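Every chain is named by a letter (A, B, C and D) in the order it is written, and numbering of its residues begins at 1.
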C-alpha cells in the first residue's frame, strides 16, 4: 500500500513517519513541506537518521503524489487541507486529514468556530473516531481524523451517553494536555522556561474541540448537547488526561454504568478498561495507540467521573490515522500499532 | 516573638524555616524531629547551610519548648497534632497546626473522614483561611491551618457562594497539584521516573480535603453543601491550580459575578484578581503567598468557571500559617511574606 | 526461541519485556520475582495490561525454568546473578546477565570494586559490548551485559584508543544520566521533588563503572589505563550523554580521527555517526538501541572531545541484551530492535 | 539609592526587578524596553502584578534616566551596551553591564570572540566577579558583570590556580546549564518539547565564556591559560553545575588543596564550601546568590575535581550585579540578597 504525507515536518507528520515506516503493509511514496523543501527529513528530525532519510518535496507535485498513492495523510494547519483534499480525491485517492477541516458533518459549525469559509462542502467525510464510526470508515474516501482532546473525551463519555445513563446538560470535561499538542511552531506558550514547573488553563468556554465533542456525543444521544470543556497545559511532552463529570439519571445503578463500558468496548483492542475505581495514567499509554479508561461513581453527589488517558500524538492523532487507514483498506486494524507503551 | 516548629523536617516544616528565618519579628526557639534528633537541619536540607544551622531536638521537651515560645507551629502528620496541641495550649502558648486535626468545627466530620477519634474535643480551634476568618484568627489560641487544595478551592468559590450566585449542588472542583504536596516520605507515587512525563487523577470522590471545602463553603452559604472534588498529580514540585465549575442561578449577570469577587477581595493583599477572562498560572505564584484568581462565564452552558493558583507550600501551607501568626499577634499581615514570586 | 527473565520487576526487566514481547523469534517462558510472586506483571506495570499479562513465578523453579529456556536473562542486583547463572549454565542454557557479576575477565577487579567474593570463577563470561566483542559473543554461554555509562563511554572512545590517537593517561569522562538508571527502588535520590529542577554529580572518582571502562579500553590499547569518570544525575527518565575528553598524540590529524570512527563503525547498524562537529541528543535515541556519536577537535588545547548518547534502558541495558541474544543464536542482529526512537 | 534598568524584559532584567524591588536601599527610577515601550512590566511578567507594576520607557530618554540614577544596570544583548554605557558614564552615573561588552580588559579578545568592533575602548571597566575583584569594584565606574558559566567555573578553580597547585594546561570544565540561560527569545533550542526529557552539549571548543574564564584564571596564574570548556543544556529552568577537572602538580597534598579553598573563601558569605568530598546541588542554590563548592581528589589519576553550583540568574547574573552595586556604594554586600534558597 502506497502512502504519502502532506505536511510532514510537524510533530503529527513526524509521528506518522515513525508509525508508517515500521508498518508492514505501508510504503511511503512522498513527504512534503513547503518551508523546507529539498531537505531530508532526518536533517529536521535527526532521530530519524539512518532510519528514514527521504527528502521533502513540495505540494506543487500534489497531483502526481496523489496519483502514485493509495492514501494521502494531510497534516496541515486547518484551512489548508480542504484545497489539498479536493485535489487528492479527484484522483481517486483516499484522504485522511489530521486537522479540523473534515471533522464536521455540518460545515456551518466549522465555519462558525474556525471563522473560515469551508471550500469543500461536497466532500462527505467520515469522522474517524474508529471505535464509534468503524462501519462508515470502511467505505470512506475522506476521513476527518479526530482531535486529541476530543478522542480522549468522546471515548470516555460515549458509553454513558449511548446508554442514556446521564443528564446530557450536566457534562463537564476538564482535560490536561502535554505541550506537543501545541506543535513545533515557536511560541511563548511552548517556551521551556515558561511552561516548565507550571500549569494553567486556557481557552475556557471557547476551545475548538468543544463542538467536535458535542457533535459526536449529540449523534450518540440523538439530541443536541452543550458541554463545558476546559483544556489545561501541563509540562509533559506527550499525553492527555481527560476527567469527565456528569450527573447520573435518577435510578441508574453502578452495574448499569459498568455494563455500558463493557458492552461498548470489550471487543476493542485499543481501549483498555481499568474498570470502576480504575485510574488511567498518561505514561502508561505513551508511544502507543491505547486509550485507558476508568470510572468512579460518587453517591454523595450522584455523579459519575470518567477518566481517560491517551498519547495525544498516537491515539490522539497519527496512531488513530493509521488505525483508520487499516480499516479503510481491509487490513488488520492493529497493523503497525502493536508496540508496547514506552515506560517509564 | 518567639516561635518553635514541631516536626521541622518535612517540606512544610522546612518552608516554615525559610519564611520565619527572614521574618523581621520572629525568633526561632526550637525545631523538633523524632527521627533525626540531634542533627542540624542543614544536614538534612543543605540549602539551609550557613543560613539556618540549628539542631533538631525532640518532643520530650515539648513543655519546655511551649513555655519558651509565643507560638508553636505543628507540622506533624494528622492524628499527632492533637496531643501536642493540648500540651502547648496548657502552657498558654498559641498553636498553629498545619495538619488536619484542628480544621473541623464538628469533630465528628474529622473522625469520619480521617478514621481516628479526636482527642482534643475542647480545643475550640479557628479555621485559618485568613481572608475569610480574619476576625476569629485575631483572638484564636489554636489555628487549624487549611489544606493546600482547600485554600485554592475555597478562595475561588467563596465570592459566588457568599453572594448566592450559583446553584450549590452544581459545584465541581478539578484540582492539579505538584508533587511536594505528597511530602518527603518515600513512595512510588513520588518516585521520579513514575511521576515524570505523566499525569493522573487520584482519590476521586474520597479525598479528605472534600469535607474541609464543604465546611467552609457551607458556612458561607448557610446550608450544607456536597461537592465533587478530584485531585490530580502533575510533574511539578510546587503549585496548585484549582478549576472550579458551577451553574449560575437564573438571571445572574456577569457584572454581579465580577462584583462578588471585587467586593470580597479588593482589599486583600495576597489575592490577586486577574479579572473575568483572566488565567492564573501556578508559576506566577511560586515562592509567594499570593493566590491568583480569574473567572470565566460560559453563556452556552450558563456555568461560571473560576480558576485559582497558589504555591501549595506557601499560601497552601507555611505562608498562610505565617500570615495567621501575624494576624494573631497584631502584626502587619504581610510581614515576612513580601518576597516576589520566583520566576521563571 | 524460548527466553526467561529472572528479576522482571525492575526497570531493566520491564524493558526486556517490552522488547522481547514484540521480538519475532522470542517466546517468553517465565518471568520471576521474589517479592511479588504470583502477581501478574501488568498489575505492577499497568502499561503492559492486555499486552503482556503473565504471572510472576519465583526462583525456586530456576532449574525448571532453565531447562525450558534457550536463554535466560538475569536482571538481579549484583551479587545475586552468580548463583543463578551457575545453575542455569549447568542445564546447558545460555545466560545474559544485565548486572555486574559477569562483566570482569579478572574477577579480582570485581571483588575489589564490588566488595564481594566472586563465587562463579570458572564462568568464562564474554563482555557483551556487541560492537567490540561480537565474535566472542557468538559462541559465549554467559554474557556480562555492559553497564549503561560504560556502553556510552567505551563506544565513544574505542576508535581513538584502538587507533592509538590519544594519550591514554588523559582520558576524562563526564557523563549525565536520567533517573531510571537508579532503578525503581525508593530512595531520596530518586524522589521527584528532590531531583526535579536540579542537577548534581555523585560518586566522583569511585563509581563502579570506572573499572569496566578501563578494562575494555585497556584491552583495546593493550595496556593498563586509568581514567577519570564522573557521573551526574539529571532530571530526565531515560538517556545518558557521555562527554569524553582526551589529548591527541602529537601530529594526529583531524582526518585520522574521522577515519578512526568511520573504519570502526561504518558497518554498525546501531551506531549513528554524526560526524566531526556533530551533537548527539539523548532524546534522539529514546526508546531505541542507537548510540549516536559526534566528535570535536579543539586546536587551542589539542584535545578531542567525543560525545555519545544512548537510551540507558535500551542500548545501555535491555536492548543490548537482546542484540547479544540475536548474535548468540545466529539471528539478524537487529531483530526486535528496529523501532524508531520516540520523539519528542 | 536610585537605580534604573536598561532592557528590563529579559529574564535577567526581570530577575533584577525581583531583587531590587525588595532591596532596602534601592529605589527603581526607570525600566526600559525598546519593543514593549509603554506596557507595564506586570503585563509582560504577570507574577509581578501588584508587586511591581511600573511602565516601560524607551532608551531615547537615556540621558535623563542616567541623570536621575546613581547606577544603571544594562541587560541588553552584547554589542548594544557599549553605546548606552558611554552615555551613562558621561553623566557621572555608574554602570553595571550584565552582558559581555565590558568583561574584557583586552578588548581585542572581545572583538575576536564576539566578532564586533569595541566602540568604548576608553571605558576602563572592572570585571565584576566580586569575590576576586572586590577592591577594584569599590571604585569602579563601569562593571562588566561576569557570565553565568564563568562565575561558577572561575570560583571553582580560583583557589587551585592562585595557589599554583595544578597544571595549568590540564584544565577541563564540563558545565551544565538550565534553559533560562538562553533567555526568553523564541528558539527551537528552548522549545519545551525539544528540550524536555533530553540533554545535549553545544558550542564545544567555541563558547564565548571560554576567553572570559581564561582571562580571570590567567590573571590569577600570572600567565596565559588555555582551557577546554563544554556547555550542556539540561531540562531545568534555573541552575548551573560546573564540573572542573585538573591535574595536581607533583607533590601537592590534599591538605594543601583544602587550605587553598578555605583561605580564599572562608570569609565569603556567598560561597558555601561543602568541603573535600562535598557534592553541590543546583537546587540548593535556587533563588539565592550562593555558590556552593565541593572538591574531590582522585589518587588513581592524580586529578582534582571541583564542582560548583549556582543559580544562573542570581549569582550568575542579577544577584552578583546587586552584590557589585552594594560594594560600589559602600553598603553591606549582602543587602537585598539574604533570601533563603527556594527548596524543593
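Following the convention adopted for this analysis, a residue touches a chain if its C-beta (ideal position, glycine included) is under 8 Å from a C-beta of that chain, and two chains touch if they have at least 3 such contacts.
Please read these numbers as outputs of a predicted model, since none were measured by experiment.
Look at the CA centroids: the one farthest from the centroid of chain C belongs to B. Each of A-D and A-B has its own count of C-beta contacts, and the greater count is at A-B. Distance between chain B and chain D, defined via averaged C-alpha coordinates, is recorded as 37 Å. Chain centres here are Cα averages; for chain A and chain D they lie 46 Å apart.
Each chain gets a centre from the mean of its Cα atoms; for chain A and chain B, those two points are 39 Å apart. Counting only residues that touch two or more partner chains, chain D has 11, 178, 180, 193-194, 196-197, 235-238, 281, 283, 286, 344. Put simply, chain B touches chain A in their complex at residues 169, 172, 174, 176, 178, 193-194, 196-202, 204-205, 226-228, 230, 232, 234-239, 241, 243, 245, 279-283, 286, 296-298, 300-301, 303, 305, 307, 309, 344.
Residues 11, 178-180, 184, 186-188, 190-197, 235-237 of chain B are the ones touching chain C in the complex. The residues of chain B lying in touch with chain D in their complex are 11, 14, 17-18, 21-22, 45-52, 180, 196-197, 237-238, 269, 272, 274, 281, 283-288, 290, 292, 338-344.
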